[in-house]
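Have a look at this one.
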Amino acid sequence: MHIGFIGLGNMGAPMARNLLKAGYALSVFDLNDAAVRELVQAGALPAESPGAIARGNADVIITMLPAAPHVRSVYLGDDGLIQNVRPDVLLIDSSTIDPHSARDVAAVAAQHGNPMLDAPVSGGTGGAAAGTLTFMVGGSTADFARARPILEAMGKNIIHCGDSGNGQVAKVANNMLLGISMIGVAEAMALGVALGMDAKTLAGVINTSSGRCWSSDTYNPFPGVLENVPASRGYSGGFGTDLMLKDLGLATEAAKQARQPVILGALAQQLYQAFSAQGHGGLDFSAIINQYRKDSTHE
Amino acid sequence: MHIGFIGLGNMGAPMARNLLKAGYALSVFDLNDAAVRELVQAGALPAESPGAIARGNADVIITMLPAAPHVRSVYLGDDGLIQNVRPDVLLIDSSTIDPHSARDVAAVAAQHGNPMLDAPVSGGTGGAAAGTLTFMVGGSTADFARARPILEAMGKNIIHCGDSGNGQVAKVANNMLLGISMIGVAEAMALGVALGMDAKTLAGVINTSSGRCWSSDTYNPFPGVLENVPASRGYSGGFGTDLMLKDLGLATEAAKQARQPVILGALAQQLYQAFSAQGHGGLDFSAIINQYRKDSTHE
Amino acid sequence: MHIGFIGLGNMGAPMARNLLKAGYALSVFDLNDAAVRELVQAGALPAESPGAIARGNADVIITMLPAAPHVRSVYLGDDGLIQNVRPDVLLIDSSTIDPHSARDVAAVAAQHGNPMLDAPVSGGTGGAAAGTLTFMVGGSTADFARARPILEAMGKNIIHCGDSGNGQVAKVANNMLLGISMIGVAEAMALGVALGMDAKTLAGVINTSSGRCWSSDTYNPFPGVLENVPASRGYSGGFGTDLMLKDLGLATEAAKQARQPVILGALAQQLYQAFSAQGHGGLDFSAIINQYRKDSTHE
Amino acid sequence: MHIGFIGLGNMGAPMARNLLKAGYALSVFDLNDAAVRELVQAGALPAESPGAIARGNADVIITMLPAAPHVRSVYLGDDGLIQNVRPDVLLIDSSTIDPHSARDVAAVAAQHGNPMLDAPVSGGTGGAAAGTLTFMVGGSTADFARARPILEAMGKNIIHCGDSGNGQVAKVANNMLLGISMIGVAEAMALGVALGMDAKTLAGVINTSSGRCWSSDTYNPFPGVLENVPASRGYSGGFGTDLMLKDLGLATEAAKQARQPVILGALAQQLYQAFSAQGHGGLDFSAIINQYRKDSTHE
């Protein structure tokens, strides 16, 4: 099977490599020539444009792009995918964008006879390299079944979230909750320690009680509670505050369009925005706990 | 061993019954005579006042009272425990109160030669009846070891949280996080459904992703996602909104005294307060999701 | 002098009438034929498209449109203003849109040799009919001077806010503050009354103290405090909650693009959103006080 | 007429001096002997305790104390006012405390035949020295009339707020609104400037529009907009952040007791708390704008 792959950034490049490793023939495109050259050295064929990928003999085309305007341009633009692709080629967009745009593009694809899935990921650059990403997939059951083996070459948790756009919905809903939970854990840990408790002991209580959550038991923001998390290495690596900000921006924008209130979600967005405006947008998002710790010096 | 027990309300009465079942001799006091009579029928001895309990031959005295003023009165009042108890009797307060008051009372007890533990519980009236409460215990390691077998007659998860007051600290920190997480789950579920997703599918994604938390995987607020939770029986039973409000009030008050910001914690308190002011204080706290669902009629 | 006017909605129609009253020759366009006919009966000339207005002999063209996409289309579209207008015709956009879009369109206009002002208004349909609007104007000092007499035919307070886009900036900043202040007054009034104070007396204190603001002394949300405000006529008329929501949406979106936190602004947006989602988007925005009054039944 | 005065701190001492200047005979008490000596040098008589003041020949007794526990002690304690004062002596408490405590003490005073007014002030130490304070007074109309000439020796704006406790209600409601408005102005000014507007121009627009408020037109937090405000002298002097925090603490506590939500009020409290926790509690509360300005270095 031949796969076209567009978008070879921090996430896309290792994903494409895993497809090569799994034995797929691969044509790749990126505006960055160096990124293309690296994949070509690994065995991929270069293409000159999204349109060239579409005019090639790919059975499936995967895109991994920064934001909705790029997705619209690559799919709907003059030398774009949809004007050039033959019917039945399966289109998979793994970019994280708003559900509304995802559904718009999928509807145009459907009119041209092309099945399309939205399949945003979680797991970060580490998961992309290790092939352990989670894919949240929106589209028909048949198209999901067709995509599954390909996605399994790049991830280990492939979830069908329902119809078109629902992959994006699941991602923004989950990540909004994550952004809230992390601040909740930060406040609870900082409060408990300010009131005299040991951080590890407090985390132990929470992790066996009703406050238990991924932000506490797997990614605790208090330094020293867990090993091998950003909090224990100066908040480097991990999931950057500015990436969390992007996802919260998508969530509150989608909520606005749906006329749906998200009170804690919007407040969480502003708190990460304030932290980023102070110059900390590159730190892992769990560093938000530093806003609550008097004695911290961004360890 | 002889135990004195003061406070036979919705929580205290079933806890005292479990001590009787475990074979302890029990003297009991409550301002409500009917509550006393019921325990006497079950085998307890009645006492006329906290002071009378203290002057008796109890080796351990347990209290379960509504709020800090009651605790201060029962321990420090004229016919109270501390003026009447002999040295070395172990005092265990299972009331949920602010850590500051807990430490004050324990310090007075220590001056009179009495070890004291703060041991607030979680698990609700169901856990009290079934003997499956969680105890969060503050006090010395030796006193904790002495109390443990007694507490195990009433609970199944007995956690030592550190020195005096830390049981209360752990409880307010955990429950503040719980109050935040529940609203976070409510917003994420309502947003996802408003954007077109199936509630059970969305919960399934969250529960295997980074939004995973007790409020989602064990106590989901969206009707129909889980069986045997308040959301699936009209938000009856469970942990009432007004009880959550009490705990958030303790958390923000403790934070104020410690000069510690708790931004989402304080906002959560206000959102439950608004819900309660609309007349829903008696519903389980997960009913807060009704503030976010246009189509809900408090099902 | 000949003026072209595009957009004859609830605001645009009375504004255009005031220009006719002031003696200006007027050509008008709207997608709604009935709206055009009414202005023609009042003395205006009809035009068939924005392009037709541009190809006419107008010295100045004014637009009053619902949102940024309409502005982009009318100015930059195929039969739009900029492709058809002769150089030096002054373009004035009185729509309320985001500053970024306003600056984009003005930059294109400048490239075609056309001066352009952004001139959003406040004062509502009442002010539009009475000719008492406030215009917040962004653009060069010379262009502002040229526009001033025309704007004075429609408003009484014409403010130069600086360069291109700053009229929009001033409006979103002012209206975000207004949205916050109104909720602040609602909370303060509801709290004072809940604690036993008379509403008029409390407003009297606030209006001579440091809480003094337009939302309290001119537009008080508590029924009965002021006459002739929406609060004293069931929150009908005035500035609808959904219009406030639109402006708060512009403010938080502009803040996001500028990476600028607006914590209370974002929370205010969510609180109006929750009120609107409950079905009250058509009430004046001061009705938000009903979220805080236990005894109110949306009087 | 002879006046007793208890509490000679930063506010009380200059208030007492103004009573001496107005020709009243004055007996004074404070735990700080140096403060007493300074007033004695200015013409007052020293007293040894609140009880001694009460047993003297004062017709009116005024108290100015830090918080509710001090008020309870001075009025209700063993050598306190109420056990020692003769009937009909008018008691005026100018401390800022919660309305509940104010009403409690006034009720005890009434049982002993003593009329009592709560009369908290605004205007700061500058207003206390200049005799230009605002007094917000709760109590009967007759008692208010009796107190008025005395209060006019210390203030220029004497407002009757209704029955007992309403002076405190008015103050907490007004100051909660002030705390919210100031953050609202800070966000609006910071947003407008981030989007390219001149601060003075923006303030000019707001001050003639619907965002107009005391925090903008009289006490603008942006440096350089107004002269003679804390923002133009490094946020020194003025009304300290920690004093605003105290008042917001009283407001949210009173709201909790009344089961009344105050969403923006509680969030404002947390934002000032976070600012104070970073070490800025001594700066004027308008310095909160530094949390929103990327380029500020707490000028």
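For the reader, a short list of remarks on this structure follows.
Read from first to last, the chains carry the letters A, B, C and D; within each, the first residue is number 1.
Assume a residue touches a chain if its C-beta (ideal position, glycine included) is under 8 Å from a C-beta of that chain, and two chains touch if they have at least 3 such contacts.
Note that the structure is a prediction, hence the values are computed from the model and not measured.
Taking shared numbers over all numbers used, the chain C to chain D interface scores over half, which places it in the same class.
The greatest centre-to-centre distance from chain B, using averaged C-alpha positions, is reached by C. Chain A maps onto chain C through a rotation of 180°, based on Cα atoms and reported in steps of 5.
If each chain is reduced to the centroid of its CA atoms, chain A and chain C end up 38 Å from each other. Spacing of chain A relative to chain D, judged by their CA centroids, is 52 angstrom. Distance from the chain C centre to the chain D centre is 39 Å, each centre being the mean of its Cα atoms. The set of chain C residues that touch two or more partner chains comprises 255, 260-263, 267, 271, 274, 277, 291-292. Of all residues in chain C, those touching chain A in their complex are 249, 252-253, 255-256, 259-263, 266-267, 269-271, 273-274, 276-277. Residues 267, 274, 277-278, 291-292, 294 of chain C touch chain B in their complex. Looking at the complex, you find that chain A touches chain B at residues 99, 122, 134, 136, 157, 159, 161-163, 165-166, 169-170, 172-178, 180-181, 183-185, 187-192, 194-198, 201-202, 204-206, 208-216, 218-219, 251, 254-255, 258, 260-265, 267-268, 271, 291-292.
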